[in-house]
Structures are given as C-alpha cells and as structure tokens.
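First chain written, first letter: the chains are A, B, C and D, and each begins at residue 1.
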Amino acid sequence: MKDEFFFDEMVRIYDTDAQGIVHYAGYYRFFTDALEQFSNARAGYLFPAINEKLWLVVVESNAKYYKSARAGDKIRVGITPSIISEKAIRFDFSIRRDGDLLCEGYIIQVVIDKNKWKAVPIPKELIDKLIHKKS
Amino acid sequence: MKDEFFFDEMVRIYDTDAQGIVHYAGYYRFFTDALEQFSNARAGYLFPAINEKLWLVVVESNAKYYKSARAGDKIRVGITPSIISEKAIRFDFSIRRDGDLLCEGYIIQVVIDKNKWKAVPIPKELIDKLIHKKS
Amino acid sequence: MKDEFFFDEMVRIYDTDAQGIVHYAGYYRFFTDALEQFSNARAGYLFPAINEKLWLVVVESNAKYYKSARAGDKIRVGITPSIISEKAIRFDFSIRRDGDLLCEGYIIQVVIDKNKWKAVPIPKELIDKLIHKKS
Amino acid sequence: MKDEFFFDEMVRIYDTDAQGIVHYAGYYRFFTDALEQFSNARAGYLFPAINEKLWLVVVESNAKYYKSARAGDKIRVGITPSIISEKAIRFDFSIRRDGDLLCEGYIIQVVIDKNKWKAVPIPKELIDKLIHKKS
C-alpha cells in the first residue's frame, strides 16, 4: 500500500495569472503547503527547519501539468515520502480536483548543517518519523 | 523641484491574476524594485540591509489603483524619498504607462539594529546620500 | 458591536524573506485569504467574481506593521466590512498572534461591469449579504 | 554550437525566504523573465500569448539547485530552445553567478487554441523564428 497522505486546499486568485488558470510556478505553493503540514504532523518540526542545527533545503523540483486549475477550485494534494539516498528525501505529489488528476510532481530535499551549510546524513529519528514502516 | 527618480520596468505574466490585470499586491513588486535600484544607486547599499548592523524594515505600505496594467505593459516607476521623523523614511511612488498615471503609493521604513531588533535614528550619512540637498 | 469575523491561518516559508520575517507585501495574502473566505461564507460568491457580469476590483490597499510574523506562526485574521460609498466597499483587517496585534490594514473595492470595465453601484442584495444589520 | 542566449538579472529581496536564500520556486521567476525576453526578441510576441488565437501553456517545469543565490546577487540566465515534438517546445535554462553554475532546469510548453483550449501543432513560422538554423 502506498504511504500517501492528503490535504485539502483552495485555489486562490493570487495563484492564477492572466491566462485565467493557475500560473505554472504556483503549483509549488500547493506542494509546499502539503509538505509543511505533513512534516509537522508526522515529525513535529516546522519545515524547513528540523531543529536549531539542521535545515532541509530543496535540491530539485518538478511538476507536470495535465489539466488547468482555476480560482475557487477545491483541490486535494497527495504527498508520498521516500528516502532515496543517505542524504536525500523525495516527496511525490499529486493534485486532484473531484478525483481528476491535474498535476504531478516531486521535490527532493537534503538535510544540511545550517551553520556549515553542508549536507549531512538524514537523522535516523527523522526517517523513522517521516516514513512509516509497512508490515 | 521634486526629487523624483524614474525606473523602467515591464509587467510580467506572474504579476497578473485571472482578472487579466496586475494583482493588487503585485504593484508592491514594482515599488520594491524601484526602491532597491534607488537605494543602491544613491547610497550604495543592498536593500534592505544598510550594513552589517543596520536593516531597513517596512512599517507601512499603501497603494491606490487608478487604471489597470496588463502583462507586457512597459511602465515607468517614479520614486521620491523624504525624511518624516528621526527614525522613519518615506518613499512615494508613481507608476505610469505612456504618461498615464496607473497607481500611486508609498512605503515607510524605519532603521533597526538587527541584533536587538530595535528602531534606531537614521544615520546622518544615510540621509545625506538618500536625500539630495536643494539649494 | 463590531461586525468582525475571524479566520485562522499559518505563516508559510514562502511568506517570509531573507530578513527572517514575513515580507511586507506578503501580509496582503492573509488579507486576501480572509476576504475570500468571508465573501464566500456571507454572500456565496467566488471572490473576485460576484457573478457572470460583475467583478470586484481593488482600488486601494494599506497595511501598517507593528510586530513581525515568522514562518510557522499561527495567526488570526479579523475582517470587518463597511460600505463607504454607492460604489465602494471597505474591508478592515487585523492580524494577531496569541492576541498580540501584528498588523492592521484595509482594502477598498469597487464593483465593475466586467464587459464595460466600468464601476457600477453595489447591488443592494450584495450589501444585504455582506453587511449584517444591527438591531 | 549551442543556440544559447543570456539575460542578466538581479536577485531581489522578495525572491528569498527565511533561510536567507532564494526560495526554490523563486528560480522559476528567473526562467520566466528569460523566456519572455527571448520570445519577444526572437519572435516578437508577448509571452504567453503568441497572437489573438494561440497561447503557450506550460506542461512541465523542472529545476535542479546546486548552489544558493542571495538578495543582491547578479545572475546570468541562459536559455536554449528546442522543438521536441510537433506540439511541444522545450526551453533549457542555466543560472550562473560569476561563472558559477547555481541552477539548471527546463520548461516544456505546448501551443493551444485558446478558444477551444486544445493543443495544436506549433506554427512553422514560430519555429523558424524561435530556432535559428545552423549551417
């Protein structure tokens, strides 16, 4: 079973542009909102700060747009975490409106020591909290 | 004579919303761009940091919208500085397209000691640079 | 009694800038969110479109900043509507964190016929819905 | 020889977030600016509208972040167009600061008939203008 969580959101007027639809870069706001809520609910930290010393920084972002969203649309954002290396976490996203898939994408983050601004291994405790074991 | 300076700018697709015109909060981007260029040209600092110790923080913003701007519009942003108290600087802005006044507004900033996060008097040297004496 | 309504919101990482606090223009996102929720709850329309023919457009915006908000802050946004002329509605906003007043401001909107792009009187029905009578 | 064009830009305070660096989604502003300038210079249209009937819409966006940019940084954005199918154009981007590669990414766009909101083949005239023939 996929470890996917869902958050409901509304498309706002400021997410759109003069084409009448959500601006392509605007979908990353929905990704970020889901990521913040998920991180906070699962691991209790305030994204992007894990604690006083460690921060998460984004090293890649991607979105594919299938259908357009408009102001007032109620959307459901799905988020699935996965550990892809010792230092990198990937979050996959889906955005649906009434079950219809509008957008898919991902964000890859690494953990850094904010004082040295250097990548460090993801703390085991963080992995345990973010990724639920399946049995 | 008014101490007004002008900067040219283009309205971008991301400044607009689904009404087809610039989103009301988007005009503050033009104010900020003019403020950064003006501060840098006049006083040589990288807004909003004056130096290692002092920062400028915004304490009020205002904009009145007369006519709508659209993506692709070439606009001219005027900026006029004035000292309104020992600790506060006001910048007045105008936005024109082909001479037509689209928007007017202002931003009030105070100087703070960023380590104490407390307002301090505006350094005389900064006033001298920002406000040209008329004689 | 003041006709004030409240909406809870969270400050997001994208609302902040390199000063570590919410960017001054970012507070207008909170105003807009409150305005959308209020308009929808009270009058059932999807701001900024009242219906197929009528739109609300912003003619003035203002914000005063007293204290800084940071990413992760839980804020409460208050909104109070008032009719200030035949064609203009004013919405006053307050932003509080744990009761502490961080920001106050307002937005003035006029109703336009979107096909003619001309201001028209506010429909009586809209006033009745937005402004509750006190007795 | 690569068909790459360059545009100079400055990182603004509103591009950054509380981590002190440019917010990951903020880099798409630089991509969009380069795309608008390039489209306008090469093909004379105001992105994202090609003409009264045809629009460009984004179907995929991607960015990889190698080093962080900060407010005040002077960056150079490179853009390279390529036709990847009958209906899709890809633009590759690079962002450098003093020659140092900070970010790479791409945007894929398709041409749509805006009245039918349907993808159509890219007009040959547009290809000829956007993509210079190498001989």
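Everything below uses one rule, namely that a residue touches a chain if its C-beta (ideal position, glycine included) is under 8 Å from a C-beta of that chain, and two chains touch if they have at least 3 such contacts.
Because the structure is predicted, anything quoted here is derived from the model rather than measured.
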*Count the touching C-beta pairs: is A-C or A-D ahead?*
A-D
*Would you kindly say which chain has the C-alpha centre located farthest from the C-alpha centre of chain B?*
A
*asked:* Can you work out the whole-Å distance between the CA centroids of chain A and chain C?
replied: 28
*So, what's the distance in Å between the C-alpha centres of chain D and chain C?*
34
*Chain centre separation (chain A, chain D; CA means) in Å*: 23
*asked:* Using the touch definition from the top, which residues of chain A touch two or more other chains?
replied: 13-14, 19, 21, 25, 29, 32, 48, 71
_Partner chain B, residues of chain C touching it in the complex_ = 19, 21, 24-25, 28-29, 32, 48, 55, 57-66, 68, 107, 117
*Going by the contact rule at the top, pick out the chain A residues touching chain C in the complex.*
10, 12-14, 29, 32-33, 36, 46-49, 71-72
*For chain D, which residues count as touching chain C in their complex?*
13-14, 16-21, 23, 25, 70-71
